[in-house]
Amino acid sequence: MPTQPNNSHLPFGDQRTAPWYGKDIISVKQFSREDLEYVFAVAHEMHDMVDHVGTFDLLKGKILANLFYEPSTRTSSSFTASMERLGGSVIPINEVKYSSVAKGESLPDTVRTLECYADVIVIRHPEVGSAAAAAKASRKPVINAGDGIGEHPTQALLDAFTIKEELGHVDGLTVTLLGDLKHGRTVHSLARLLSLYKVKLNYVAPDILRMPAELIEELKSKGVQQEEFTGLDKPLPATDVLYVTRVQKERFTDESVYESVKGAYVIDPKVMKAAKERMIVMHPLPRVGEIAVEFDDDPRAAYFRQMEYGLYVRMALLAMVLGKA
Amino acid sequence: MPTQPNNSHLPFGDQRTAPWYGKDIISVKQFSREDLEYVFAVAHEMHDMVDHVGTFDLLKGKILANLFYEPSTRTSSSFTASMERLGGSVIPINEVKYSSVAKGESLPDTVRTLECYADVIVIRHPEVGSAAAAAKASRKPVINAGDGIGEHPTQALLDAFTIKEELGHVDGLTVTLLGDLKHGRTVHSLARLLSLYKVKLNYVAPDILRMPAELIEELKSKGVQQEEFTGLDKPLPATDVLYVTRVQKERFTDESVYESVKGAYVIDPKVMKAAKERMIVMHPLPRVGEIAVEFDDDPRAAYFRQMEYGLYVRMALLAMVLGKA
Amino acid sequence: MPTQPNNSHLPFGDQRTAPWYGKDIISVKQFSREDLEYVFAVAHEMHDMVDHVGTFDLLKGKILANLFYEPSTRTSSSFTASMERLGGSVIPINEVKYSSVAKGESLPDTVRTLECYADVIVIRHPEVGSAAAAAKASRKPVINAGDGIGEHPTQALLDAFTIKEELGHVDGLTVTLLGDLKHGRTVHSLARLLSLYKVKLNYVAPDILRMPAELIEELKSKGVQQEEFTGLDKPLPATDVLYVTRVQKERFTDESVYESVKGAYVIDPKVMKAAKERMIVMHPLPRVGEIAVEFDDDPRAAYFRQMEYGLYVRMALLAMVLGKA
């Protein structure tokens, strides 16, 4: 577990005393509110520096092994860009299915090999717990870029950072989560992170895709105000952050059930007339019709800016675990 | 549409006044003769600098997203090398078919994500118009690396640059295009570019693969002298540039038709006895028997040098759209 | 064939006089004992420099084309990291099967294209002799990263370097090779390299996977002391280096034969009680049960350190052929 960071030394001190130096980033559960503030502060610095100089050599000479057991152009590209904008290099490993794994190699052996070559390992793997297993095997820091239906902590961190940067604060906000709330690791992790703040959470989902009762219970015990809806019309007017998620076909065993719900929660300019003028719409992307492209030019459409915030958060995390933040 | 460049400021001035800064490169139709001369001048500088120092940091800190929806080792490697020889970094995105596209994401969404990470986007996509669509969605410059049977403008530019560098000039040359002139976007784009000069164009193709009548008409209206042949023996002796193209099996619905024509236009040392001593043979590669390997050591065999010229042209284009040329 | 290097000028002299400048590395047969000592000395320097500064700019501006016709995460990543730790760049070419080769392009043409973009080419290809063919076509140095059942010289070099670094010397050692000694190019190449030293070689294999008689004859003619066994119990107590190899399922036409031998030679803590206290266990990895994970924490388990030595050897080779060692 990480120690409490000392925010007064931001951003680029001696790596010996850097609180996240050598740490793994596996779960949002690792993060206290103070930790979050620290990540946000470093990410904000990264944003400033990218705006001013584009790229800088903070991680020059450092190598990232970008180990993707399943494809994710977005996340893979984001980590690659993060490392390159900090002057570091990347070993791209994208076709793992054809490779050692096919020959039967275990994940720990792969990780113990890569740690010989790289300074930090980013891993995406379809199995829950894989990132933790990789971290256990590795002497070098491991960052979880998604382990199946488990966690995707950097997505949750960038989501929270987006809210902070777009609206200036998190306390006091009403955040409405929409779509597949049952299977979505993204919304689960974000809800957990937001529970560190004073927020009201609304859940809008069809009955078969409701937020898991255990998670509602967990957040309730932390004092988070929560409310469930089956339609967006009631919660929308008071919403500060509308977080839309995709209803993924592959989650359904019965295709007819998928067809009956997939179009139920589509955001478009007409729907958004009922929303505040100062609020944001987020989406982890890719979208497949959940948000109409006609809404893209609305200033409240924050989902592409969200991608950019992801760059700064991942730059921050890489710098942190390599002792340079 | 690009403004007229000011050749007197070559090669590396202030990006604010750089004429191609922020521009997309989608079609050869964007290029005036003055534009071509500008590209050639910058590419020539690139050649000199690679010869003298190998690599230099003109684009240090810049990031290229190399987005290939269909594989093309040659083009992909050429852009990667171009960026790396200028000190920049690359996000390689090669397995798109497995990735977001498979999840149903639209090209504009992918581009709007990548522009958050990269400074310039190179795209290859099997559909005509895809590069233009990507350019429309992107705030960052987009370079078309081939959009199906549409255009492949950097190939045409490197072809023209090869002629210029190898023979010293373009005006007054006789250029003979050989092979599949019906489907080949390469020869169509090159013919359009060459129409900016005073050239004679010969077309040698089997009847079912003749140059499209519309294109012949288009070039005729520009005053280009053109002549069609079904065999190489007549035009070869006067030819300064023989541009050979592959007869692609996949273009034929009837395999027997393919078999009947594929061997009809093979270049070998014997055939080339009828050609001038000072002329060049070009090919966009890969070849599959259209040019015998026995001809490779002939000084007129320019097809591998052509690959190298491609490096300089792509370096020039990257520097230009990033405001560094 | 390489000339004799001058060890007194180690490590980073003028490239004009560098003995390996511009050379290809295709086979272990290229290496004399003096050559080996030279590689080891440069690799040792690389190790020191990585320990002290992580990365350095010896090959800044140089570009490696990493051409893999069959996947090998381990070897590909190792070369990528080697180039990046020396400040160079990499063109990753991993999906060749989908690319030009599918269109029917010949290996020499691919190589002649890549030499236009890169300063050095690493090639892995399923066919014996492919690396030599690539080297013949290329003006730039080519390094063989495995050509089917042919050679994998950098693996053999790193194996020998591991022995040298771990045990301090090679002369006088007893090296026991275990597993599939019939098909394993790794053990064949290592045995040839070790024949340059005064070693005793033990071969432990099931009858159908014995060391080829021709190779035994070849080594015998060089004065190497060799002995064959069907079980490990006899040779183990005197063994200084136990080199374990995987019995690859794909080598067998009859699956029942594979099943009958695959578990016959498993290394675990119990078996290793009979071994010396100061010896090492090596494995080219990946392993699939040949060495129990329970043995991983034993100080004699050198197989992950072996991966790391691979980095230094490949850094050394890249620097050598690029005239920087």
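Points to keep in mind about this one:
Letters A, B and C mark the chains as written, and numbering starts fresh at 1 in each.
The rule we apply is simple: contacts are C-beta pairs under 8 Å (C-beta built on N, C-alpha and C of every residue); 3 or more make two chains touch, one makes a residue touch a chain.
Computed from a predicted model, the values in this text were never measured in an experiment.
When chain B is fitted to chain C on its Cα atoms, the angle of the rotation, on a 0 to 180 scale and to the nearest 5, is 120 degrees. Where chain A touches chain C, the two copies mostly use different residue numbers: shared numbers make up under half of all numbers in play.
Centre-to-centre spacing of chain A and chain C amounts to 40 Å, using the average Cα coordinate of each chain. Each of residues 92, 94-95 in chain C touches at least two other chains.
On the side of chain B, the complex with chain C involves touching residues 53-56, 71-74, 77-78, 80-81, 84-85, 92, 94-95, 285-288, 293, 304, 307-308, 310-311.
Of all residues in chain A, those touching chain C in their complex are 60-63, 65, 89, 91-96, 98-100, 102-106, 108-110, 112-114, 116-119.
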